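In the two complexes that follow, subunit A is the common piece, with subunit B as its partner first and subunit C second.
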Partner chain A sequence: MSDELDEIQAIFFEECAEGLTAAERGLSAMQDGDTSSETIAAVFRAVHSIKGGAGAFGHSALTAFAHRFENLLDEVRAERIAAPPETVAVMLTALDVLSDHVAAAQGTIATPDDSGSLAALDAILNAGGASAPTPAPAPVAEPEPVAVEDDDPFGFEPVAVAIDDFDALDGAPIDLPDLDVKPAAAAEKDAAPGWHVRFGPSNDAMANGAEPMLVIRELEELGGRVTGYDASALPPLRELDPENGYVSWTLELPEWCDEARIHDAFDFVPPDSLIVIEREPPPEEPTADPVSDSAQEAPEPQAPVPAEPTPAPALAAAEPAPAKPKARPVSDARAPDHGSQTIRVDLTKLDMLLNLVGELVIRNSILSDRLDSEDQERVELPELARLTREIQDNVMSLRAQPIRQAFSRVPRMLRDLHAETGKIIDLETFGETTEVDKGVIEKIGDPLTHLIRNAVDHGLETPEERVRVGKPEAGTVTLSAEQKGARIIVTVADDGRGIDRVRVRGKAVERGLIAPDANLTDEEIDQLICAPGFSTAETISNISGRGVGMDVVRSNVEALGGRVDISSVPGKGTTFTLVLPLTLAILDGMVVRLGGQRFVLPLATVVETLQPEPDQVRSTTPDSEVIEVRGQYIPVRRLPRMFGLERGERRPIEDSLIVVVENDAEGQVGLLVDTIDDRREVVIKSLEENLYPIRGLGGATILGDGSIALILDVDALTAPSLHQTRAQMRGIAA
Partner chain B sequence: MSKLILTVDDSASMRMLLKATLTAQGYRIESANDGKHGLERMHEVRPDLLITDINMPEMDGFELIEAVRGITDFRGTPILVLSTEFSDEKKSRARSAGATGWITKPFEPTKLGAAVRRVCP
Partner chain C sequence: MNDLTLASENKTPSDMDTAGEMKIVTFALGDQVFGIDMRSLIEIREWAAPTPLPSVPSYILGVSNLRGTVIPIVGLAERLGWEPSVIHPRSCVLVVAISGKQAGFLIDEVNDIVVIQQNAIQPAPDVEIQEANVISGLVQVPQRATDGGEDTHSMVLLLDLDALAITRHLDLAA
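Moving on, here comes the complex of A and B:
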């Protein structure tokens, strides 16, 4: 059971994360001027749910803070308090504190100091506020530190306070004498009746499900007893509507009963019912006071016993329900739980599924290789292939999630950065709905964080500096994502000072990364900031100087099969582009041969294939050949040569096949291959588990005949910096 | 056959917590994640008791209660509100919508059980 609770709690924390994201989104929208009631309601609901769950799991600090936060949100929601940008800013800060509280409840950090945020929230409440500043904390905010661990009869851990329920309409639940008082009370004291209660449910009461029997039962639990009833309004049977109230009862309750408790029993009995609660005059009252137990035989004056056999009809009227349950066949077995429109699945299960689908794809390829087309038709292989493909697409989509998740922590980070650096930062985001494999999302979180910190810390200038150079005071960080073919392009751009190439170069020389007289292009200098152990911050700041440099960003991204591009314009800003694979698992590929070996080119990068005519070929130097395609010059890279697979004489381009691929940075590039074998889907198997990353190769796969082919990384192969790495590649591939 | 309770709450953890708590006390539980589905589920499972949250997307608790009360078959079904809110205003709104009772979150299993037994013994 405790396991079960842990599991539920884990789900609660997931909900917290979702709630925080939703609230963040809502508040950001409010900051941008969105004042729609749906937006504020969504924020309220998010915080509200966190509070509710937190209370249930006994996270008192979290509950208390969420409660105070919710108070303000509620006032804003009810339009009793306006939410100008300053107020939204306070709420955003409160959200950060709330997020820290959630983390603290999970045990990842210490309980945050929320006093500042609380003061700010209360200030707004009190200033703009209606009369209800913080009336409420009483019940929730002081969850008596119940720390009882094991003695719960239901195996539940202490769920903080019970804010009991409908006997506590006044919101002061703590003083419930509940268990002490009620049970044997009536028997214990035969003392003089203290309270005299008459109760006749109205028709509405019956309609509200306010079962009279249950009200009476509650009064009985308080020590009361029924002393009589009035069924005089009861119509003849055939006119009787079982859903109406015809009968009233008289009860007596001991004088020590709390009046409020008696009233509470009628909490949900609509006011148009007959409810009379009177204190009986003291016992020395003259008249026939039913003093003893004989009261049962000597009914109260206003409870005339009708001649007819009333008890039965009275019961029927009092309990309209019994007739119904029979008409309610409970169909339990059917219909799965609609409550779970979404189900949460352990990611490892999805991964296993994906892996299996990958194997299925491979088997499919093997079958299609081994069977001739007639046999393929006979065994309906094309249909099987189509189904396999659909399964594969579906499984992939299961893992795809909007990249918003990775972006969601950015606003918070920027607020922290603003607090630390004093820089004013505007955030612009684009393409948040771009769907990316969950694995990718998880892994780009850290690189993204670092790039953004970097952009603010090194890129953006201080407000004064910006004004001095004629820029707006606020710097802009732009975060965008888009899908291009089988790649996801994520950019982090700032409009700051750009990379200081003189300083970068100086530093690189100082660190012995380059020779003092090295002749480097601007791009090559920019790339230096990704070199291991490079840092230009003069003082290692608390922000980006965390011992994690750009080199780690680059290696993280490359481990995902992606790459980092840097472009920077002095005085204008820097843009980091992460080019990431859409999925980590399956690739639509073109199988080509280079020097007798088979390789796979990702099909998404292929623009066209052609065999050039001699007059299309231009060549300046042996190392720089281009072909002219429809008036455009396309550089050619001789892949067999690059991989050291060239046999015999160099073949003239016009005798070769050229696969034209498109590269984000380079535009179109022609790759010279020996032959094109096939087009097929391949399952990517990582090489990096066993080998160092090899520039130019994206992985390996198993082809239909069971042989292994390497997957080419087109972006790396076409990149200009390849000239430097070619020798290295040749060494590895040979 | 034990009594059947339909719980409507947009939080999955709250639904599970309710289910675990009330199952342990001998009830059968069905659940829905918002008012709209809650209403559909009412027709499907015809519970002995409806426990609903107030703040939910799509159709909130008040709307759900009103809708349920508008259906003849459910006029006598007790409805408990389970919410972290406890303002008198909200309570009276719930009452006029047709709620039978109000339980404030967070709940303690025993007290929740006691409250539930009071309307659905």
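Moving on, here comes the complex of A and C:
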């Protein structure tokens, strides 16, 4: 039982994360000047649903804060308060606090101090409220949809009603002049009612943040409409507890409604609320409000007091007009949520499916190995292979997600960094929609976080410094993603001061990472910042500079089968490039044979294959050779030697093949192999699952005959400088 | 196909572990008889040459395909500090689970599955092999005579599999 609750709660937190992302996106758009009602409504919805869920799970601090935040959003949504950049900034801060509250509800951090943010929200609310007319003189207070001037159903804005204005009533029961309970007949004349629903939220419902309006909305979407309400339980204003539920509503739904769906609407309503769902209208049909008969006016009945369209003086003053146009876009915007059908699937199930498909691919290649082409045709193997490939593509696409997910936490991080460092940071992002395997997205989050912190902390200068060197006051951090062949290129760039090579070098000597007289190129010096235990921060800040960062970034990325490139121009900035595999599971490969063993080369790295002439390969040193290709000399590597697999005599070079591979860092390199077997898609099996990652190998795969072929990591094999610098560093570190 | 199934190997009347009892698999390695906790054993496979790996310790003989999973094959004799095993027709591979990972151990011959009393396990004298004490205890088990003669007793060295975890040297290095 509690497991089930945990599960539901886990879903809630997932939704919170999605909601926060959506709100972040919306607020960022608003900051950029997009104050369209859809954008605002999206932010409102996100915060609102977080509040609702939080209430249901009893996260009171989160609920309370979300509620206050929502109040402001609602005012903005109703265009009662404008949203200039300053207001959006306050809302962004509030969003950060909200996300801290969510984290606190998850138990990962302590409950945040939200007083500052609340004060800022209230300040805007009150300032906005001042421009709105003060509370109605008429006795119009309602516990739950309090906002008198607000015929937008979501607005419950207690601020507008000052109790003092009601002094005259002093203890007298609230008079509801225009809204006497009407006889049921009024409702029945309209349409033959199918379902009859009475709904009165309990006190607990209110305390838990359950939103009656949402329930009614949902029923309305089923085709229902509110036909009446019962406010007889309303106490005198003085005794009114705004947290309590006093009102119940009567709704009618068409006959064809599914009873289960009606019940679904009440899912998040505490069970002690009044919920009556009846098939036939009972004879003692309680109330009906003819005013709400018009479907267009649907939202109004929830604010029972001023429901009358003939405007009471108070209403006129409160500009009821904008309400209608506002309500429409909201429900329009909601529609797609229901339209796009999604289903949450446990990732392990997806992985299992992916594994099975992998097996299927392997079986397929076993069949094509064992059957001659005639038999293959006879059993329609090509068709099976095509289907298998299609299944594979589809399963892969299930795991692909836009990289936006990994980027989404960056704006917040930059705001925090701004607060901590005082540096002004503009963020530019490109290629957020690039789709990457979910596993990759999950694993690049931390490296990205670190790179960005680094960029701001070490890269960007303070505003004063920037102005002094003639740069704009605000530094720019650029985050981009693009797909290039089978790789995803993610870059984090800043326009700061660049890597201070003299200082890096000095530090490396000081730390004993390099010899004082070591002759290093600029690139090699830049690479030093990835050495374990290296940190140039003069003082250890809590942003970066603990010296565990860059080598962790590098090892995380390498564990994914990717690599980190650094390029830096002094005074102009630094760019970190993460080259990541598109997928962690499937590889288009070339199967080559070497000394009786088979290896797989990622096809994406293969440029061409050559049959060398006897004189085409020349030694430059006893240990290195080059091949001349169309006038260009390309280094040649002998894999058996690199792998220590060399056995017996060396094959004459003219009996071998050279596969020219290319990597971004080293250019082209020729790998000497015995023969090329095949070209095929292989399923990558990780070595670290049961062993540990081995340098030079990207994993292993199972071939059609059940034997294992090792997948070569071309980047690691072709990067001699990396080899050497790493070996040097390792040697010293060990 | 050629794998022995454990069910047929199981000579004990009950599959249930009764209190104080444990089932061990005994096997020969060189001149010694070793035992591992039956619960760690996944399966016993016929020896097939694994795919060699570059730049790994020499006792890691390579990787094999265990029903779609790539598992390392460890020369247990070499790992324990003896001469590497010589492959012969009865050589086989014990596939075991060690702290969440799977590995295959090359051994000379599987002997038996026996039930021992926990309290019959004697502490191992300090047999430090490399970095950890891989022998968790000694126990005497009856040895069925293969030539029809008297049954004898033999000493079985119980292996601490966790100490044999492949990544252990990495953990220690870190």
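Note that the second predicted complex is superposed on the first by the 421 of 734 C-alpha atoms of A that agree within 3 Å, B and C clash if a C-alpha of one lies under 4 Å from a C-alpha of the other, contacts with A are read in each partner's own complex, and residues count from 1 in each chain.
We take it that a contact is a pair of C-beta atoms (placed from the backbone, for glycine too) under 8 Å apart; a residue touches a chain by one contact, two chains touch by 3 or more.
Model, not experiment: these values are computed from the prediction.
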Touched partner set for A:I702, first subunit B, second subunit C, both or neither: second
Which superposed partner A:N690 touches (first subunit B, second subunit C, both, neither): second
Subunit A: partner with more touched residues, subunit B or subunit C: B
Touched partner set for A:G33, first subunit B, second subunit C, both or neither: neither
Contacts of A:G107 with subunit B and subunit C, given as first, second, both or neither: neither
Touching partner for A:I362 - first (subunit B), second (subunit C), both, neither: second
Which superposed partner A:H48 touches (first subunit B, second subunit C, both, neither): first
Subunit B versus subunit C as contact partner of A:P614, first or second or both or neither: neither
Subunit A to subunit C touching residues, read off their complex: 355, 358-359, 362, 597, 642-645, 685-687, 689-692, 694-697, 700, 702, 706-710
Contact footprint of subunit A on subunit C as seen in their complex: 50-56, 60, 63-65, 68-72, 101-103, 166-167, 170
Complex contacts: residues of subunit A adjacent to subunit B: 1, 4-5, 7-9, 11-12, 15, 42, 44-45, 48-49, 51-57, 63, 67, 70, 136, 139-140, 143, 152-156, 158-166, 168-171, 173, 206-211, 214, 217-218, 243, 267-268, 270, 320-321, 324-325, 327-332, 334-335, 337-341, 344
In the complex with subunit A, residue positions of subunit B that touch it: 1, 4, 7-8, 10-17, 20-21, 24-25, 28, 30-33, 37, 40-41, 44-48, 53, 55-57, 69, 73, 75-80, 83-88, 91, 95-96, 98-112, 115, 118-119, 121
